[in-house]
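In the two complexes that follow, chain A is the common piece, with chain B as its partner first and chain C second.
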Partner chain A sequence: MSTDVGIWVGALMTIAVFSYLFSENEFYKAVEHIYVGAAAGYSIVLGFSNVVTKGWQPLVEGRQFQVLIPVAMGLMLFAPYAGTQYNWMRRIPISFIVGIGAGITIRSVVIEQFVKQLSATILPFNSVNNVIIVLGTLAVLSYFFFTFKPSRALKTSAEVGKWIIMITFGASFGNAVMGRISLLIGRIDFMFREWIHLIKL
Partner chain B sequence: MKREVPIIVTTVAGIFMILEYFHNIPGLANGAKELQNWAILVAAFALALAAINLAARHLRNITARHQNAVHSGLLLASMFATVIAGIFFGTDARAFVFIFDNIITPCGSAFYAMACFHLASAAYRAFRAQSGQAAALLITGIIVMLGRAPIGDLIHPYLPKMATWLMQVPNLAGMRAIMISSAIGMIGVSLRIITGIDRTHLGMGQE
Partner chain C sequence: MLVAGRVAGLVSLLTIFITMMLGIRRAHTSLPTIRRIAGLEAIEEAVGRATEMGKPIFCTPGWSDITTSTAAPTFAALDIIYYAARLAARYDTEMIVAIAYPNVYPLTEQVVRQAYVMEGKADRYNPGTVVFTSPEQYAYTAACLGIIQREKVAATILVGHFASEAINFAEASAAVNAISISGTESTYQLPFFTAACDYTMIGEELMAAGAYISEDPMRLGAIRGQDYAKLLAFLWILTGAICSTAGFNWFEAILNF
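Right after this comes the complex of A and B.
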């Protein structure tokens, strides 16, 4: 068996998590709360590091006083603590983040998810696979037309699209299950190899 | 003013990010980078607010001697231990690395791994080949699962090839169409937010 404290902690935590499969118990609940606390703490540390590198250092070392604007916006999030009459102030930082997010979404989605996917779909009809990809994509797209009453041809195309969507969901489901199983194998491998040294290969 | 200023901030921030990307206007690139840094900074303050709320919630549990008081204590202890280790000793410190390697990583993997049992249980209850399309979903799922496991090759050597074909051809067509459709949806939602039509994020509803 391993003599490493870290491996013991990791193994006991793993057993506690899997004990939920038997029934919810105190051991599981304790580990669940420890995990949430540690993960929250980790996020706080990352956030603090961002404040230091993008706020404190530019302000103190670089004399970039424009950094005070996002700091002021950040502090506005705490305004409701000063009284309900200041509730409206938190809308400003929220609207700033949402505006930046919406702008970045349009930037990335238009090129990566729309133009590139469309151009990758325009394939020559020189193989059965290419025909399935092109017609399959068009059929699924036709299924998503909800703005007008579909014609008979569109209905037929949408029906084919439904079949393709079902195959896609089945494949995604299979992939998701296999991804989780590989994680499970990883945990079992850790327990038997690194903790109790039963697997020696 | 309380209503208009947030909408103006959203519109200006959004349009600035779009203009910078699609037009080569001098000075805009640096401005956009600066705005992104500002957003990260504001998000860090939002994270601090969330941490305060989480701590306050669990402190209330402890002071009120709630039935989950012990669990709340464990959560706060692990949160403060991680914060102290990371902020005062640095992210390279042994204590912080220990927490990440031996608590966050194994627990995260175990929680995700456990989902495969829930997926199997849900699939057993939900998957019924009651129609041709439901059967297509079921059969594709089984082929992909078996084809991606070593046992698939033992059952039939054609099974892994079939799984690969399903992933690379019909699945590709479906995923591509879903990506294009969701892209159109995302562009629409973003434009509604930037133009101030959608104000739900500000708690103002739509107009």
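Right after this comes the complex of A and C.
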């Protein structure tokens, strides 16, 4: 068996997590709390480090007063804790964060998820594959029409689209299960090879 | 000036913008009717079941922040949580909302508190309803699984953006015999939700459900506008494929401009 403390901790925690398969128990609960606590601790350290390196140091040591803007916006997120009358103050930094996020991502989303998808679907009807891709995409697209009057043609197309979605999900599910099994194999390999040395190195 | 390969993206963006503006403008005179979304209708049933059983409802707006491309499903999820919170407040049913990202926490807290205020039960709002877990994916997962198991929740509402933790939540819901309602835009996780949950809102159904609940003409109009954009895409693909079969590749070429 391994004499490495780290491997022992990892192996025992793995067993504790797998024990959830039977039911929730004290071992799982302990690991859950250690994990959540460690992650919270790490986040606090990271957050504090960000405040020091990106706020305090540039402001106090570097005299970069423009840093006051993000610092003030950060503090505004906590304003409601001073009283419900300050709720409105929280909306300004949140709007800023959402606006920046949307602005940055919109270009790549439109090109990658819309234009390239359209381009990849425009295929000549010269093979069974192409016919399935084009008509399947159109049927699935019709499933996501929400406000149009449901005519017979639209209903039929949406129904076909729903079936295509389910077939795709089935294939995707199988693929993901294979991925998960490889993760399980990795974990079992760790237990038997590195912990109890049942599989020889 | 114009970058090759991006012009089509710009034109598409402007087209979507115009169709959405048209949809919003039309919504001010006539509100669009959104088709039935089974997952949304099941929320009342889920809250009713939790009320009868005297057990809590578990909700989470997913493992996502509001600063990335997953902001849209997160906001839609908050609308759905608002709707569930109003029902929970109305029937005096306990609710637990687990949050992963710090930016989402104040928004969720405000949304749930507002739901209690709207039901005239501000005094019944428990500040412990919204629980912050961790932005670390599997710490968030472990915390949610623990809550579902310990509290023996009667219903789980899993809406928003999810990654590989999706199946864990769905399985945990099944393990405690909870009615599970899910919704995500993540195509990788939808198969799991569809297989393991009682109701699933697929992709854009989640956004439409959010708009439907909000009853906001602007958002409902935006859904109609998106339908116009989808119709244009539908016609573009169909016409493009027919032309391509005839040997003309104009439609594809334009998209590569």
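FYI, the second predicted complex is superposed on the first by the 168 of 201 C-alpha atoms of A that agree within 3 Å, B and C clash if a C-alpha of one lies under 4 Å from a C-alpha of the other, contacts with A are read in each partner's own complex, and residues count from 1 in each chain.
Here, a residue touches a chain if its C-beta (ideal position, glycine included) is under 8 Å from a C-beta of that chain, and two chains touch if they have at least 3 such contacts.
Please read all numbers here as calculations on a predicted model, not as lab measurements.
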item	value
Which of chain B and chain C A:Ile165 touches, first, second, both or neither	both
Which superposed partner A:Gln66 touches (first chain B, second chain C, both, neither)	first
Chain C versus chain B, contacts on chain A by residue	B
Chain B versus chain C as contact partner of A:Ser151, first or second or both or neither	neither
Contacts of A:Gln85 with chain B and chain C, given as first, second, both or neither	neither
Touched partner set for A:Thr137, first chain B, second chain C, both or neither	both
Touching partner for A:Thr3 - first (chain B), second (chain C), both, neither	neither
Which of chain B and chain C A:Pro124 touches, first, second, both or neither	second
Which superposed partner A:Glu24 touches (first chain B, second chain C, both, neither)	second
Contacts on chain A seen with chain B and repeated with chain C across the two complexes	17, 20, 29, 31-32, 35-36, 38-40, 42-43, 77, 94, 97-98, 100-102, 105-107, 109-110, 114, 118, 121, 134, 137-138, 141, 144, 165-166, 169-170, 172-173, 176, 180
Of chain C, residues touching chain A in the complex	5-6, 8-9, 12-13, 16, 32-35, 65-69, 71, 102-103, 106-107, 110, 133-136, 138-139, 142-143, 145-146, 149-150, 167, 187-188, 190-192, 194-195, 202-205, 208, 223-224, 227, 230-231, 233-234, 236-238, 240-242, 244-245, 251-252, 255-256
Chain A-facing residues of chain B, complex	2, 5-7, 9-18, 21-22, 34-49, 51, 54, 68, 70-72, 74-83, 86-87, 91, 96, 98-117, 119-120, 123, 132-134, 136-145, 148-149, 163, 165-184, 186-187, 189-191, 193-194, 201-203
Of all residues in chain A, those that touch chain C in their complex	17, 20, 23-24, 28-29, 31-32, 35-36, 38-40, 42-43, 77, 80, 87, 90, 94, 97-98, 100-102, 105-111, 114-116, 118-119, 121-126, 130, 134, 137-138, 141-142, 144-148, 150, 165-166, 169-170, 172-173, 176, 180
Chain B partner contacts - residues on chain A that touch it in the complex	6-7, 9-11, 13-14, 17-18, 20-21, 29-45, 47-51, 54-55, 66-67, 69-71, 73-75, 77-78, 88, 91-107, 109-110, 113-114, 117-118, 120-121, 129, 132-141, 143-144, 161-178, 180-181, 183-184, 186-187, 190
